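Take a look at these structures.
In what comes next, subunit A is part of two complexes: it sits with subunit B in the first one and with subunit C in the second one.
Our next item is the complex of A and B:
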């Protein structure tokens, strides 16, 4: 009897829920987030403020970025009376969610986008609005023409660059001082000397610099571009011959041979691989690896993970050759308006507010050093810019003289494990290649293939 | 040398049995212990020490875990509420719909049954990743994306979509003798009554297992809520835990671990509570059988 009652109760419950779903299904078929069904649950009713609005925006990031956006949006609402609903989360899985939303015309009105999304999801210009059409609302003159060009895909300015980023050296000067070196390394010879000093004064486990597979690829590109004075890829064609690439691989190997960087075998044994970045290793935390070659925007993470962060210093870019400075910067992220946005003018106002206007002073350097001149000025005036990141960013931007090729970071090349860069530099460091020419051939073929794939679309 | 007494030998054997069990058990449970210890550590200590007792214990992780509220959008308690508001219907409907589907497959002969059964089994091998995009598009046409009632997350379970459970229940039902059904039908039971009077009680351990698995999987599901819940106030626990895990800027692991630990407490309670029912069921069956 008890069981019969239980079953009947369950049945009634399910019918009730079904009925509820039926009515909400029909009423919310158009706009999914409207609060037509708000009375069914107290939690939604109490908070309709952030649930629905005139505009919507999405971004990914960590806690501090979430807070910065929320404060900036609150200020925007106060200034304009436009309500903005939000959607935010961490990076992992974010692109899956975003791509699904973009393909089904479900995406938020304003989106924080990765630079490669522009060509990847909107290569034909169908997903994002041409911001040139809103130049009366958004002050485009605050942005350098080169970065606007980088965001122009399919003839449309599909996003505005929030910030630019590039790679630079960071040093843990506490360890350098222990090794008897007072100055940050500024030349290749300084690096070799540091390797020698670390080995003799501190021991075999200490290295002035640690480079993973992808770091090696980036540093080699800096080296080659500086030595040969030509971009890595231009017009979707690799500009370097196998012989030239081999000299780059030899250069990386010379760092390993001179005790400047640990071999990848040593690093893997220390637990550093594709899943665990250098900042999570005991060797970095305790200062045994005293340098990295990282994005300027990652400075705080590496600084924060040090047991004793007092020696963390922004280094200088090193000019390896005499033909050019070498290296590149890239648009780290942008803000875009989706074609499905109902009120594009309000969205343009929001972007202008966040990048050029008062919003920039609240956002500070949360999304990197602002690319907009007025945005950077406002952020600096408000004291919301991380000095360390600003110093690194300024040095990178003043140094690099090449453009990044969009295919450079494609997953086929960059993935760890399995990408071409990983296989070539990992294989060479592990001694799986007979000579650098063989490794260079693999790299050449891999990059050429990726470029051909990209050209096919 | 006099031969050892039998009792002494037993004691020694018992000692070694327990010794091995305790050592292996400790190795198995150590990661969980380490996680508990790590909730009291700083980042630097988490990555540099394997011991689970923190040298400079801090409560910051727990304080941050329960106070972080993202500008009033979402906090840990609301995330709990959100999670269970779709997990509980999901579990109930999964069990009910799977039992009905399994009953059909195991007790009734109808045209195309074997073909349908093999089609159903074949979906067992279909990875969820393949389904994500078509499902997303389908729910989008229904207008269910970001539904305040989490419709895309639990409505499918009304239709016995969890093949694994249906398959498991079919196997269990096959082991229940048909004689019981026949005896019941002689006593005047219809097919529905046979299901809930005769079959369900005998299936109860397996039903508990289905419910348990579904409960854990649903609580841990990250991709589903990520795709279908886009309003921060409606985020469930699995999303909330990850909200601050940003690879670019770094974050305090002790907070994430504290949050994870708090978030699995209800699951642990449910698991231990259900474990009794689970074992009772098995024991009862064995005596009768």
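Our next item is the complex of A and C:
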């Protein structure tokens, strides 16, 4: 009898083990998973079964974005009766887990996606649904055709653009005034003068601007495009020679040499690196770093982290050369439906609600200025568009000349650590290169290789 | 009916079942091993000979990953740093653990409290919270530099300087000496008091007793700690990932972190698998060397 019981137990354990291995298809998971109404949700997409209407959604962002999404999803549930479980977190490490989830067909039904993910992770169209097929549910006419085209990869409209974005300067004018500067910098000479004033009047620890490795790459691209009047990449080909890129690297180094920006060693010592962004640093919070070059949709995040946010000001774009304004805009992010979603119609309803419907009035400008005309109108009517974000977005869109190539943000180039941008700008700032030409050669080779890799598909 | 005749009439299947009852009890473990250990192990070896990318699939087969590992600067640097890390932390940790265990082996007041206090870092040390705390301690305006400034010393950029950053990571590992210390303590208690009494009568000093009695008698535990610490050092991930992110300038990118970066940041699973296998072979070779050397220096009383 004892033997029989023991055998039965062993058998049950074996079955249990195998059951644990079974694929659950699409299921929401993660430490931050909870229902849209704030209660812990046991419902997952796989549990819901076909047609039950239950969905999952994931996004990254700061606290204010989390709150906006949760409120919007609660309104969606109230309106449709569809429960939505959520998975969200900060940007740091987000792409690592998202790419793994996408590969394993374990991602949420609706995903907030970075624009370049469409080509990087679904270049063959296998991961995201063609939203054209749901045009009877989603009002696609609210979006400019150019942005829909930008989200069309492999012949499929794989995401709907949430907003357009570009980089712009933000200044903490409280610190600038302490340094004796009353006006925001508008020229390169203003930047150099600010560097000198900060050093003289406030000390070595104060800088008018702080740039990480990727920020340096972006600002260099603005500089080069303005100086040479051509886009960084066109037709999947890098448009710049090594010599031209070297002038851009020299430009970035001139900012460091003139005390406009701290060296990367100084920033690393302050705890700012690939895992920790500038807004979380004591130097930014207390105003020792008094400027950033950031996405126009990030205004509230950087303003919110300041100890005294009263001086936070949207700056002007700076024209560095005479051939063009320089700079670029891009689709900041999109909402996509994964192919593993069990109830794609409900997912389409959710996207339409968030971008075109009442959800847009709750989301406001938390993900940038809405790209959808009806979404923008709803957000403005509700007074949910942050003036800072609107001001920044307006300035960016009025200034920039060029569109961004999706490969620009590929992980091979952008990853920190390990990406080409990080290696080149980090290496140059740390004095690992003999000269800017050597660094420019590495950047040229790295970008060219990434473009060739992208062309292979 | 006799028992013997009943046994003779049992079917061959039942007989086989009776003889292999143990196998049924092993089935859960065997399944777990095959699914969660053997399959990933074998498939990672297969993928290491491909250019497997999460989203591009396999386009090429060959030994290109292994060639890259030994020719590319990034991987060679990571291997070098990992060796440096292991060869700094393992001896330091063993010496420090033995030293503390030796002290705690004396009959002193509050010895149990001290043993607990010294063991706590082992429980906490590998956690994310401690790594974050470590980061805060050693940043430019952190507690360490603030304390140094009281003595008029300008502390270095611990986390931004390539030499100091590795030192900080090593320090965190050495600080987690508790597990090794507990094993040493148990071993020290197992050394016969008779040996020390005899040595004392013969006029041996405490130092001589330590090196001629204590150390030889606990060599099996030293050996065990050495092998496990080497294996753990080569797998270190949490410290560099959280404290420095592998920086500055890859100076703390250990192999385990690079495997993670290849797999989940760059989606190059083939390269990640190959690097993991190289690390496995390195640990295996070092373990084999340790095992083959034990006959020269490890003393088993029985």
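Everything below uses one rule, namely that the second predicted complex is superposed on the first by the 302 of 457 C-alpha atoms of A that agree within 3 Å, B and C clash if a C-alpha of one lies under 4 Å from a C-alpha of the other, contacts with A are read in each partner's own complex, and residues count from 1 in each chain.
What we mean here is this: a residue touches a chain if its C-beta (ideal position, glycine included) is under 8 Å from a C-beta of that chain, and two chains touch if they have at least 3 such contacts.
The model shown is predicted, which means the values in this text are computed figures rather than measured ones.
When the shared chain is aligned, subunit B comes close enough to touch A:91, but subunit C does not. Of the two partner chains placed by the overlay, only subunit B lies in contact with A:63; subunit C stays clear of it.
By the touch criterion defined above, A:203 reaches neither subunit B nor subunit C.
In the superposed pair of complexes, A:106 makes contact with subunit B only, with no contact to subunit C. When the two structures are aligned on the shared chain, A:282 is found in touch with subunit B and with subunit C. Applying the stated contact rule after C-alpha superposition, one finds that A:180 touches neither subunit B nor subunit C. A count of residues in subunit A touched by subunit B and by subunit C gives the higher number to B. In the overlay built on the shared chain, the residue A:430 is in contact with subunit C alone; subunit B does not reach it.
Touch criterion met: A:273 reaches subunit C, while subunit B stays clear of it. By the touch criterion defined above, A:416 lies against subunit C but remains apart from subunit B after alignment on the C-alpha atoms of chain A.
Once the two complexes are overlaid on chain A, the subunit A residues touched by subunit B in the first and by subunit C in the second are 3, 7, 10, 13-14, 17-18, 21, 96-97, 100, 103, 282.
Per the touch definition, subunit A reaches subunit C in the complex via residues 3, 6-7, 10-11, 13-14, 17-18, 21, 95-97, 99-100, 102-103, 120-123, 264-271, 273-275, 282, 411-412, 415-418, 426-427, 430, 432, 456-457.
Subunit C makes touch with subunit A in their complex at residues 21, 24-25, 27-28, 31-32, 35, 54-56, 59, 74, 135-136, 139-141, 157-162, 242, 244-250, 253, 261, 264-267. By the touch criterion stated above, subunit A contacts subunit B in their complex at residues 3-4, 7, 10, 13-14, 17-18, 20-21, 24-25, 28-33, 35, 37-38, 40-41, 43-44, 47, 50-51, 58, 60-67, 70-71, 74, 85-93, 96-97, 100-101, 103-104, 106, 108, 277, 279-282, 285-286, 297-298, 300-301, 304-307.
For subunit B in complex with subunit A, the residues that touch the partner chain are 43-44, 47-48, 68, 70-73, 78, 81-82, 85, 89, 92-93, 96, 132-133, 136-137, 140, 142-149, 151, 155, 158, 196-197, 200-201, 222-223, 226-227, 230-234, 239, 242-251.
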